[in-house]
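By letter and in written order, the chains are A, B, C and D; residue numbering begins at 1 in each of them.
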Amino acid sequence: MSSESDAQARAEHVVHGMLARDEFSRWLGIDVCEIAPGRSRCRLTVRPEMVNGFGAAHGGIAYSLADSALAFACNTNGRVTVAIDNSIGYPVAVAVGDVLTAIAVEESATARLGYYAVTVRNQHDTTVAIFRGTVYRTKKDHNIT
Amino acid sequence: MSSESDAQARAEHVVHGMLARDEFSRWLGIDVCEIAPGRSRCRLTVRPEMVNGFGAAHGGIAYSLADSALAFACNTNGRVTVAIDNSIGYPVAVAVGDVLTAIAVEESATARLGYYAVTVRNQHDTTVAIFRGTVYRTKKDHNIT
Amino acid sequence: MSSESDAQARAEHVVHGMLARDEFSRWLGIDVCEIAPGRSRCRLTVRPEMVNGFGAAHGGIAYSLADSALAFACNTNGRVTVAIDNSIGYPVAVAVGDVLTAIAVEESATARLGYYAVTVRNQHDTTVAIFRGTVYRTKKDHNIT
Amino acid sequence: MSSESDAQARAEHVVHGMLARDEFSRWLGIDVCEIAPGRSRCRLTVRPEMVNGFGAAHGGIAYSLADSALAFACNTNGRVTVAIDNSIGYPVAVAVGDVLTAIAVEESATARLGYYAVTVRNQHDTTVAIFRGTVYRTKKDHNIT
């Protein structure tokens, strides 16, 4: 698969397969809005059962959305790829009812490693989380039949 | 409140109040096993609805456990304190049925900032996540009546 | 100072003052190519005394360039601002003779905190380091006379 | 080499070889106080040419000390190993004349990846930097003749 449309088809196929098993992304209500090679855009709406001890969205919610967006983006090339090290900053609090959109973009990739930036914004286009992920490409392929 | 037992009572009171509102920690099934000033130990069991697209525990599960343990530990001094920047490394995958224990410890604290290390281990005492959190102390007190 | 040109004048004034004292940036040979509010672009050439035990540039070189670029960018608003937490990924090794350019950009800022992304590229425009910095704004002003 | 004393001899041999080429650690004045498998302790004294634009030690100094300590610790097993992602927090400023000691400890290791914690303290045993490093083990061996 070397053409652009093949790469796009593979990306969609891989993410479709991942989504079918991804129970936690389903609980989070993650909607995969866009998939392209090395890139994804995902969205969720913050529900009452996602709050922390201060009544704001738990830090794990924006993190998990970003981590899912990363997982989809970095597996689009067809190799089973896993996060090894992530960091996240929280400039602005998130409230129940907020609609969060995460955009994951590949910043650099070598044979075994990839570096991604994921930005999470709310419905007012304010950045609420800034995430950076480092991933490891295994030698195992996604089964694409 | 200056004595050791007062600090312990305050720590427990604050965390009790936070837990009462923390819906996401409740969904995760987090059990707060130990609270002390600047420190917490929390546990959860990985359930089938917590898996990612590879059938392993989603990265957000160990992260959220660590983030909750951090939140409890860093609020024990009675000031409303929030995470501003966290990082996490994942040396070992986590499976459904695994029992994860997170221990959060204060490594350094100034008037406005705190630095915490959180280690997450499974039931075999293997380290599955290594988390570092930076927190900001607001000027607002927890209401302790 | 509210106009755009005032903000630019203040940015240049602050960085000029910082550079006058910054002995380590001088040793590194850092050239500040561009300053604007919340932004900087800095450059250095890797010298033989900057290598590590493998003969490549020491990880501290790209880091220090990025950290200087961050310091200049985040102090442009006239408040003494310090880094509290940084992370860096190294996708590609750096060699003696390479010319590194760091671009620091503000991604988000609140009253007390700021989040910056710094990208370091070599003379072939390849990304060699991806840096994210979190800064704390003190209440102290830069003396601007 | 399977015995404990062989592992120690290999660790010392590898670090000795790395130090012979490490020009930047030499400029920093790093003294390797202790080497053991998966562990190192390194020290430096902050000199006037190491300050930043505020007259304190540049953030790159504590970082570079920690990064060198990490490099020595993670190469002790005889495989060429490189840092891929580091993070650092700065709880306390460092001044000229301060003596910094970094202790690097392996927290977890798999076949290809390692996770290290590095703590940097000053001469008063105050923690001035908290560093976490993720490393990648190449398949190349250090030449041990």
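FYI, a contact is a pair of C-beta atoms (placed from the backbone, for glycine too) under 8 Å apart; a residue touches a chain by one contact, two chains touch by 3 or more.
Quantities reported herein were computed from a predicted structural model and do not represent experimental measurements.
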| item | value |
| --- | --- |
| Label of the chain whose CA centroid is most distant from the centroid of chain C | B |
| Chain pair showing more contacts of the two, B-C and A-C | A-C |
| Mean-CA-position distance for chain C and chain B (Å) | 33 |
| Inter-chain centre distance, chain A versus chain B - centres from mean C-alpha coordinates, in Å | 23 |
| Centroid spacing, where centroids are CA-atom means, of chain A and chain C in whole angstrom | 29 |
| Residues of chain A engaged with two or more neighbouring chains | 84-85, 87, 89, 113, 134 |
| Touching residues (chain side chain D, partner chain B) in the complex | 87, 89, 91-92, 107-110, 113, 115, 117, 119, 127, 130, 132, 134 |
| Chain D-facing residues of chain A, complex | 84-85, 87, 112-113, 134, 136 |
| Residues on chain B engaged by chain A in the complex (per definition of touch) | 17-28, 48-55, 58-61, 63-64, 67-68, 71-72, 75, 80, 82-90, 93 |
